[in-house]
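What follows is chain A paired twice: with chain B in the first complex and chain C in the second.
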Partner chain A sequence: MSGRRSRSRQSSAVSRITDDQINDLVSKLQQLLPEIRDRCSDKVSAARVLQETCNYIRSLHREVDDLSERLSELLATTDTAQAAIIRNLLMQ
Partner chain B sequence: MASTLISNHPVTNSERTRDSKKKKKKKINNSTNQNSLSQSRNRWKSEREQQIYSSKLLQALQQVRLSPSPASTSAPRGGRAVREAADRVLAVTAKGRTRWSRAILTNRLKLKFMKHKRQRVSAAAAGNIRSSKKPRVSILRLKGKNFPALRRKVRVLGRLVPGCKKEPLPVILEEATDYISALEMQIRAMTALTNLLSRATTSAPPPS
Partner chain C sequence: MVADASMASVVGYKRAWSRAMLWKIRNQSRRHGLLAKKSNSHANRLRKSKVVKPKIAKTENFDQASELRKLVPGGEAMEYSNLLEETAHYIKCLTTQVGIFDELVKGEIVDI
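== the complex of A and B ==
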């Protein structure tokens, strides 16, 4: 029992993270999501933002996977000299 | 060719450290969450970060390609190896300031020494379960917003962002914002690299 009480005391210190701060973070996240940012810029529910975030991260992961596949195929065909040339182009 | 690359690196590194020192001074002056979040987004959007990432990625990919041995079990397929290298370079570019970048880097070490670490990891996990009850209680305390549906979504989000499975809500949100910006930069850099490579392969005929 006392363990739970001390834990609640500690957690009340953590929950000093106010609702406003959470709202702030959620709105920042909202600005990053292209879905919500382009369509409806008023307040959307936190659940919607979280759902869109999960979907967006998953789609970003898929895109990175696709790009990795293409890159691996391309790298298999080019040789080191060409890659060094490209590196120099990038360093401009 | 390699020497030009090495000579170019110190220039960008010194520029970066000078600018990062200026940014750190600004951070100390206005030490609110807002500034750190907007700075992280601007950081991932800057051209320089993308160039740094691209060059490091190219270096890492060279190493991946030079050892395409079928005997290695850690890199079974080329695409997977490229993805892991890209994530690792992304985490390195993040300079370990965020949880997800640290988690990516430590996960790779864990995979390498899986046999030895398995006992240590299980012992650490047992200790973590006891300590992770604290953050879970803090999520319950947050007033009104936390219906089980929200909590479930937060858990799913925590699983998507590496290293945030057992973190409280505000930490997960903050990590997610930085992670999304970093992923977008990763995609931009890899797309540019793919376009360059495909143009190079079509313009210059491969040696027979």
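== the complex of A and C ==
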């Protein structure tokens, strides 16, 4: 397994992403997660951030599915002009 | 899923995850015979910009990253650092989408 030192000597085909850049990206992700952002102000492990990210994406998917379904039902049963317009927009 | 299609088409080709999503949707349409044309410049542009599998996989946080790769469109083929960037953008788009749908639903309920 190549150590950290050898990373800079890898083939030029691989772009040189430093650990700092990775850490920076991980903390940017951390800022987007409501669970961690609100509770822990200290740095959280990358593994934890990835775990929470997966959970968060899954819950967002559920929310979108749930709202889509509710919206479909509402649009199907509502007879207003607004409903017709929104129906049209979403069916593009 | 209409929601996915509209979200991905707004972002367009700017992001790897939206390209992956558009590519998948286009493939599904083609399979259902909705797109009769064989050569479609739209699809060709998507194919050219598709990300190649990285040769060296970063082994750190491998399990969580593999889980994340399945959740983010096109995530399987991304470099770890790209995956993190794409995920951040993907999450922002998803939360925006949730906000919009929420407003639409509330609007429908209130304005009867």
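Note that in this section the second predicted complex is superposed on the first by the 67 of 92 C-alpha atoms of A that agree within 3 Å, B and C clash if a C-alpha of one lies under 4 Å from a C-alpha of the other, contacts with A are read in each partner's own complex, and residues count from 1 in each chain.
By definition in this document, a residue touches a chain if its C-beta (ideal position, glycine included) is under 8 Å from a C-beta of that chain, and two chains touch if they have at least 3 such contacts.
This structure is a prediction, so every number in the text was calculated from the model and none was measured.
In the overlay built on the shared chain, the residue A:Ala47 is in contact with chain B and with chain C. Of the two partner chains placed by the overlay, only chain B lies in contact with A:Arg87; chain C stays clear of it. Contacts of A:Ala76 after superposition: chain B is touched, whereas chain C is not reached. After overlaying the two complexes on the shared chain, residue contacts for A:Val64 are found with chain B and with chain C alike. Common to the chain B and chain C interfaces on chain A are residues 10, 14-15, 17, 21-22, 25-26, 28-29, 32, 46-47, 50-51, 53-54, 56-58, 60-61, 63-64, 67-68, 70-71, 74-75, 78, 80, 82-83, 86, 90-91. Against chain A, the residues of chain C that register as touching in their complex are 1-3, 6, 54-56, 59-61, 64-65, 67-68, 71-72, 79-81, 84-85, 87-88, 90-92, 94-95, 97-98, 101-102, 104-105, 107-109, 111-112.
The touching residues of chain A, counted against chain C in their complex, run 1, 10, 13-15, 17, 21-22, 25-26, 28-29, 32, 46-47, 50-51, 53-54, 56-58, 60-61, 63-64, 67-68, 70-71, 74-75, 78, 80, 82-83, 86, 90-92. Contact residues of chain A toward chain B in the complex are 7-8, 10-12, 14-15, 17, 19, 21-22, 24-26, 28-29, 32, 46-47, 50-51, 53-54, 56-58, 60-61, 63-65, 67-91.
Across the interface of their complex, chain A is touched by residues 1-2, 4-5, 8, 33-34, 37, 41, 51, 54-55, 58, 61-62, 64-65, 77-83, 86-87, 133-135, 137-138, 141-145, 149-150, 153-154, 156-157, 160-161, 168-170, 173-174, 176-177, 179-181, 183-184, 186-187, 190-191, 193-194, 196-198, 200-201, 204, 206-207 of chain B.
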